[in-house]
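Have a look at these structures, which come just after this line.
The same subunit A turns up in both complexes below, where it pairs with subunit B and then with subunit C.
Coming up: the complex of A and B.
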């Protein structure tokens, strides 16, 4: 009985402890990194949300006025729900658009084509996102390339810029290649024999996709969706330069708050609300991704 | 030393004679190497006496670019190091976060000079050291720059803000009334430069708040201004920073904007876009830029020299045509110089002595100085602007 409880002198326990120390040693850099660049700044961000601004200078203190002020402003909540909605729509649209592409690359093309496709999916990240977003203006403005083409067939001009459509184009530019890659990684690892088994058992093609392939690739699909949500929720470039800041999102509200009056403490309140929202959504999504089937 | 002298006097070919010993060759090579080693740092490091002095400036973008400072840098063997800001609040924050004396030169909008002085960031200046006698009367004693009898800033340039518009869609006559912004043909095509002060100032003028100032309004006028501004919302196509304002006017996405002026359209026009700016009949807003000497600066003499340079005819010609954005000269000699150097630009910016000119607008009382709100707090205006953007 004593042996089954694994006493400290037990060789198995000793080995486990060694493994734990070994693992800890290897994981220390990421722990240190997270402490320095995430946990400590987050604590600092939380602290300055209680500071005050006097003569354009932050004065350390403890006053809840910034939280009260921001939470009592209608425009803060408008921006919050709007940002949540924008990111939600971007997540759904990006995931839906990415899936057929990832599916085709995983199951329908040769490995050589897949490699080239991966290369071209990564290439856009070589260029600054801001430059890519700005270049969309040439395509989307009233006299831009798209409206010129529409005019040739007697359509338009359509308002493609300075609205949610423009913002969504920006979000897709930022997220779509990444989501395709994440979905592709998961789809490529789906066990082909299970797909064949489904077919052999009379499961139709579409049903196989929804009941076999998607559940098996759900980790990549959910991770792709989570990344889209996170990137869109905090993005400033698309809603500002393609959406015309009309109406503004939380990231624009942060800029507005700091720009006039240097209200960094109030901007910190907005930032903390954003971080808490993202953490909640991320934990829920990851839990869903790794949940075993009942 | 004797050996070296001997070697020096000896013909070169002798050192390459077969009878020259290996030791001698090595000795010569060693001397060359040592000489090289000693001389290389002398070549790489410029002599101390010729090192350029650094003059630190904090300014709007463009003021520290070569087109503005290269001549002064060459004249005084100085390197101007500019830190750019975007807005007066940003400027105050940057200065407050830096040790005293960091900035030798501080370029500020007129309305922020008082705040700079109150915060103790700038030195008092001796008016006799500058070209004050050359200023037009309207700027000779510019209130925003004087605190009592002390001068704290010397004006460099100014400009007007009104309505900027696409000339293919809107005529000059139409643009000369702020009410054009509510015209049905501009639905979704009115833009805003994303700063509440000039926008609300112009819309306050539209409401008739021109006396004493569009920024000095009581609570009922403030309520009316909010109502007026909110009613413009359906017309609004977007809120832009400098780059976005530039792009939206250039690509025809936006047809009209209020609260900006030639400082934007002057640059867009150079790119061939059909845009222009006017001061509507209800009046316009004035911006000014001026230099102060930073408190605690260790190069005050050089900073003063730069201010004298940029307010001189040569400096004013550069300032009027500044690449980033143009600005008008408040100096008579600046007008004379630009009329000689670039008469077209002088005419375009209405800096001509014969006929109506830009100073006439001031004399007619059509232009109001841009200032922070007098009866409301800056936070009230800023909060409302955020509400408006979210409406």
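Coming up: the complex of A and C.
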């Protein structure tokens, strides 16, 4: 019995090794589509970063001038560090704000409530982020709802819009539901007996959270942080409509460079730098997430 | 874990706060879409349908809805098909380079939309393919197929692997087993993926903004109005977009949920 199952002539095993028309039919569509419409455009973007613009038209060529020009510009590096800083702060703030909510939904409510909570967190994540971010203007602007309420108790007005606070509210709108979902999924899978064990061994509640629960739910927490970083690093809606667009982040720089100056090659330089930064961060975090605890 | 009730109340209050934060922008948009004042402030003015009448009188808005409809349905069909193929490949086969294969399939959502938009525009403009409806479709399929794949892959994880082998042992070909075992089993996930990808495509504004040219979708129209002054029309169009995408995402989830609950109650 065991022999036939492991023998190479077994139909299942054999099919796994042979390239068949059937196998290709299912495996190839994504390869073909993503190579043509995902990988190739990105390679092309890399290529045009060496092209020149003459009379508002791109001319193929190989010239490092776009890279040299962009790297020598103070505003490019300012935007780079600013974007990195914004995304970093957004990552920390979102992770911290999401955690108590994910924790409560994982441990303090019935499975039914948890299921519906998940349901209602997934809905907004896929719902027009553009309009959701913009709606905050009504609350945050100088005559907005928050400042009207503050005035009633004799405070303010505060500037809540066109600064980093506004941008951060936008990033939270984009990322918070997703991060709660990711953290919650990891927390819900934490082995309850380990928590009991910690309690029985006299570990305090807060200490249990930090030394038992958080390390066990590490993957979801890191995954949530990585997604927040990726999304806020690349987002242009929040820094543009809630942060006031000036000073620009890298995404706004790309849009300005593309739409006003026709300087696509220079926008491509910014884009390539962004992709390399994101890939570095992603690989580092994935490595951290799946590393065994030291 | 039993904690002091006061702590639990605090935690629960916090959860409610998070949900208020998440849903406030959506509700606000609805409220101000029927509010008479030109500028969105409190106290509110009176109830009006004026903003809805304004947008429905605008042929550009109708055109945008038509284009968005065509785009999102086409994208949903293609992305769901590609997502299904990929999910099945991942479920059924092991091969060298599979990690690379899966990265290729799942990586697109991690690339910032502005960059995807720029890359697609640069390429499509070069080969005179930008500014058309299909320019938006091809870009959106790239972004949506990973979501379809994820939904269908989760469903395939629940299938009994012996089911397909049983079909082969009973003499069914690969193709027949696919048609009579795999596809029927995945049907709820396929329907769910269709709704989800339609919603993602219907909402996507960045890539569409870059490549759409004169064929503007609804989010692109919204983006362009936003660049002007405060305009309550935004809340009216926004509310319609919310209802559309929320309905699709709710459907996507309900289809899957109902299936799972049915199964747990019947004891599988």
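The criterion applied here is as follows: the second predicted complex is superposed on the first by the 255 of 294 C-alpha atoms of A that agree within 3 Å, B and C clash if a C-alpha of one lies under 4 Å from a C-alpha of the other, contacts with A are read in each partner's own complex, and residues count from 1 in each chain.
Throughout what follows, a contact is a pair of C-beta atoms (placed from the backbone, for glycine too) under 8 Å apart; a residue touches a chain by one contact, two chains touch by 3 or more.
As the structure is a computational prediction, the values presented were derived from the model and not from experiment.
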- For A:271, decide between first (touching subunit B), second (touching subunit C), both and neither. second
- Of the partners subunit B and subunit C, which touch A:280 in the superposed model: first, second, both, neither? neither
- Item | If touched residues of subunit A are counted for subunit B and for subunit C, the larger one | C
- For A:241, select first, second, both or neither according to whether it touches subunit B, subunit C, the two together, or no partner. both
- Report for A:142: first if it touches subunit B alone, second if subunit C alone, otherwise both or neither. first
- Look at A:75 in the shared chain and tell me whether it touches subunit B only, subunit C only, both, or neither; answer first, second, both or neither. first
- Message: For A:64 in the superposed arrangement: first (subunit B), second (subunit C), both or neither?
- Response: neither
- Item | subunit A residues contacted in one complex by subunit B, in the other by subunit C | 134, 137-138, 143-144, 241
- Item | Partner subunit B, residues of subunit A touching it in the complex | 55-57, 73-75, 78-79, 134, 137-138, 141-144, 159, 161-162, 240-241, 243-248, 253, 256-257, 259-262
- Query: Which subunit C residues qualify as touching subunit A in the complex?
  - Reply: 1, 3, 8, 11-12, 14-15, 18-19, 21-26, 28-29, 32, 39-42, 81-83, 85-86, 88-89, 92-95, 101, 104-105, 107-108, 110-116, 118-123, 126, 138-139, 141-142, 145, 149, 165, 168, 174-175, 196, 199-200, 203, 205-206, 210, 219, 222-223, 226, 230, 234-235, 238, 241-242, 245-246, 248-250, 253, 257
- Item | Complex contacts: residues of subunit B adjacent to subunit A | 86-87, 89-90, 92-93, 96-97, 115, 118-119, 188, 191, 194-196, 236-241, 244, 247-248, 251-253, 378-379, 382-383, 385-387, 389-391
- Message: Going by the contact rule set out above, which residues of subunit A touch subunit C in the complex?
- Response: 11-12, 15-16, 20, 22-23, 25-31, 33-35, 37-42, 44-45, 48, 97-98, 100-101, 103-105, 107-109, 115, 117, 119-124, 126-139, 143-145, 148, 172-173, 176-177, 180, 195, 199, 205, 230, 233-236, 241, 251, 254-255, 258, 264, 267-268, 271, 274-275, 278, 282
